[in-house]
Amino acid sequence: MISQEVKNKIKTEEYFINMGPQHPAAHGVLRLLLTIDGEIIKNVEPDLGYIHRSIEKMCERDSYQQIVHLTDRMDYLSSNINNEAVCLTVEKALELEVSDRVKVIRTIIAELTRLASHQLWWGVMGMDLGALTTYFYAFRDREMINDIFEETCGARLTMNYNIPGGLMFDIHPNFVQRTKDFIAHFKTKLPEYDRLLTGNVIFEKRTKGVGILTKEDAISFGVSGPVARGSGFASDVRKHHPYSAYDRVAFKEILFTEGDTYSRYKVRMAEMWESMAIIEQLIDNIPEGDIQAPTKAVIKLPKGEYYQRVETARGELGVYINSDGNKNPYRVKFRSPGFSNLSVLNHISKGVKIADLVATMASFDFVIPDIDR
Amino acid sequence: MKNEDLQNIIIGLGTDLKFSTEASEFLNIIVPKEQLHSVCSQLKSNPDLKFNYAFCITGMDWGKELGVIYHLESTELKHRIVVKVMTEDRENPTLDSVHDIWQTADFHELEVYDFFGIKFNNHPKLRRLFLTPEWEGFPLRKDYVDEANMVIK
Amino acid sequence: MGVDKKRFLNQYEAEGLKQVMPEDFPGKVIPGGNGGNIVVTTLDSVINWGRSNSLWPLYFGTSCCAIEMMQTGAPKHDFSRFGFEVARPSARQADLIIIAGTIVNKMGPVLRRLYDQMAEPKYVIAMGACAISGGPFYYNTYSVIKGADHVIPVDVYVPGCPPRPEALLEGMIMLQEKIKTENMSKKVNPIDGFDEGK
Amino acid sequence: MGLEAIIVFLLAGIVLVAGANFMSNMISPKSDNPQKREPYECGIETIGPTWIQFKVGYYLFAILFLIFDVEVAFLIPWAVVYKEVGTVALVEVIVFLFILGLGLLYAYKKRALQWE
């Protein structure tokens, strides 16, 4: 609209804006230093560390049972899956065989955690794009999962239910019945979520074609989880490196190829159906067996390096333990899914409006203590 | 592909690479500091290796030397190896950056610099990511002393 | 005040006893409300009633407790029954800051700046063990501030890791009762003398 | 009759606004610190100069809004008495709206609202 020579005369300067630690779209305390010209973003530079609690330094002075408590405060939305990751690493190091019952219960609880995390993501994604009703719908249903967890594991959010060698205690007698009731209830509610947001014209206009991530970029930036599967990179650890009871369960790995915010949204919505299918296949025949494999009180891993990959709700969590044989590990590293997913944000949001950056970040589903550790 | 034939291919990529498979489930390769960049780019470009997914880059302090451990995976050929690189000098440790091979290394190397103090030459913008810029000392090193908070083991 | 505290006080008066401060009590007893809860004039009670029933919390969740704070805002444990409905993202429009999560060295000055930029009268709830004392990250962490009251004056502490939504609701009700006993003339700004260690 | 009404309305406006401000100043506790006067930006000091030349798109949006806001302000007095003034005023209002519609069409054709 403005002719070229007028545009050259009006020199508008770029300026910096802090999409800073205390920001509703930051889902925590992530600070993005945006270089913008008007509404168009020129550069996104994340500045982390506002919730860096030095977990890896603590792990070097904790015993293996104590490390489990720290991991569910890292990615608190998939806390069970994080605990399971550490326990699997320790069991792999000790060559400890865990009973079938523990494997099945761990898988059911991991899928319930994934459902609760995707529900929260769906509620908050709607809220980020201005639809407040999704927040109330999602949290109403999330309370049912919290009640199941509270009855079985004793806590609503940071469950220390997994211990190296099995589970803390057996499942609650009416755990099976309540899970089935929840699945039946949620099967009627998930289509309601679809009707509320998926078909909404405003939502589609805000998310289709926004934040395109190609498959090569996803692989090169180490992106994993629903974000990667939205652009066609098959990175589901449950499928490619099955652990616990995922090898005896039939489920689809959802892949879309467009790689925009809408396809990442569809991946997570379809994943909720898959999680329910997994739970249904396992909930009826939980095998009998003992809950805890015998382990010594003070666990000492033999000298060496152990690595275990687990599929959390946000992506692939890797636990690397380097042990030199004594009580606490020599070095522990958590490969956090959010950290690599964040590195791609700058690459895909150049020349995008700020509102689209908010939509892209909502579809990335960041949990900031998982990035900062 | 089995570790042995992986080893035979990789042995040709650089001089005096040390291989070991004990105490770890993957094939470990210790690469001398100078050849890191050339070996890694060949690991990615070699048609029957194709390690294009660096899923975990870890900073490490083995007591005397500092180093970085790269866990690499090939998404098509479905095999995984571990590349290790070490540097003895602790005052000014520098390695060359591999961010042009795997772009995820850009962020992970910032984290290694922040906690271990290993500088990466020709890294786009080497800065402290997690800690405040005026933080002195590198916390995850074994000889990091902080009497106020750290319980002496 | 808390339910069990109220039961204890009623039972205390029932036996005709009066709370007597033991002589060797080390510290100074600060009355509950800000500025004493002795005589509250009618104007005070009207203002305090209005102020306590419309506290707008700030969007300030740093880590896991933020999820329990969102659950408290959700339909089942609704905190809008007590007037906390409107959660504001900007510090200028909020008058209650719920510190939900760990405060880290890098976040300290940011929290202090947010607190300073809030409009008077402002209140603080420290939610969760991390905000009270550093919680599970007390030992062996080089980057955690051991408790938010090193940074800003806190009115109500809600223990738990994370505290249940009901616990947070009880903390909020305690804050409302604390506001109801405030006396305008004796009101002192909690931040004065805070840095010098009042 | 007209003049006293205007004065009464004016006085009522001033008294109400001043009274509300005075009461709230009197009741509310005040505290002042250097950080309170700085701009609020997610808890961090602003980076780089803030008094800079903005993009011209913002100005265009503001101007277009202003035009149609004033237009509505003109319609209100007409809407109050449109029965007494009959169809002649109606025609005038339609012409008035048509001219402003042309303005909007011009802005739309010149893509003033497009954010390139």
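General observations
Chains here go by letter, A, B, C and D, matching the order in which they are written, and residues are numbered from 1 within each.
Rule of thumb we're sticking to: a residue touches a chain if its C-beta (ideal position, glycine included) is under 8 Å from a C-beta of that chain, and two chains touch if they have at least 3 such contacts.
All figures in this text were calculated on a predicted structure; none of them were measured in a lab.
The chain pair with the larger count of C-beta pairs in contact, out of A-C and B-C, is A-C.
Mean C-alpha positions place subunit A and subunit C at a centre distance of 32 Å. Separating the CA-averaged centres of subunit B and subunit C is a span of 47 Å. Inter-chain spacing, taken between the CA centroids of subunit A and subunit D, is 45 Å.
Note on chain placement: the centre of subunit A and the centre of subunit B lie 25 Å apart, centres being C-alpha means. Residue positions of subunit A touching 2 or more other chains: 20-23, 49, 52, 54, 57, 61. Multi-chain contact residues, meaning those touching two or more other chains, occur in subunit D at positions 43-44. Among the residues of subunit C, those touching two or more other chains are numbered 91, 106, 110, 114, 139-143.
In terms of which chains touch, the assembly is arranged in some other way, matching none of the line, ring, star or all-to-all patterns.
Counting only pairs that meet the touch rule, the chains in contact are A-B, A-C, A-D, B-C, C-D. Subunit B contributes residues 131-132, 139, 144, 146, 149-151 to its touches with subunit C in the complex. Across the interface of their complex, subunit A is touched by residues 58-64, 66-68, 70-71, 73-76, 89, 91, 101-102, 104, 106-107, 110, 114, 136-137, 139-144, 161-162, 164 of subunit C. Taken together, the subunit C residues at the contact with subunit B in this complex read 105-106, 139-143.
Put simply, subunit C touches subunit D in their complex at residues 47, 90-92, 110-114, 116-117, 120-121, 184, 187, 189, 191-192.
Considering their complex, residues 41-44, 46-50, 52-58, 110-112, 114-116 of subunit D touch subunit A.
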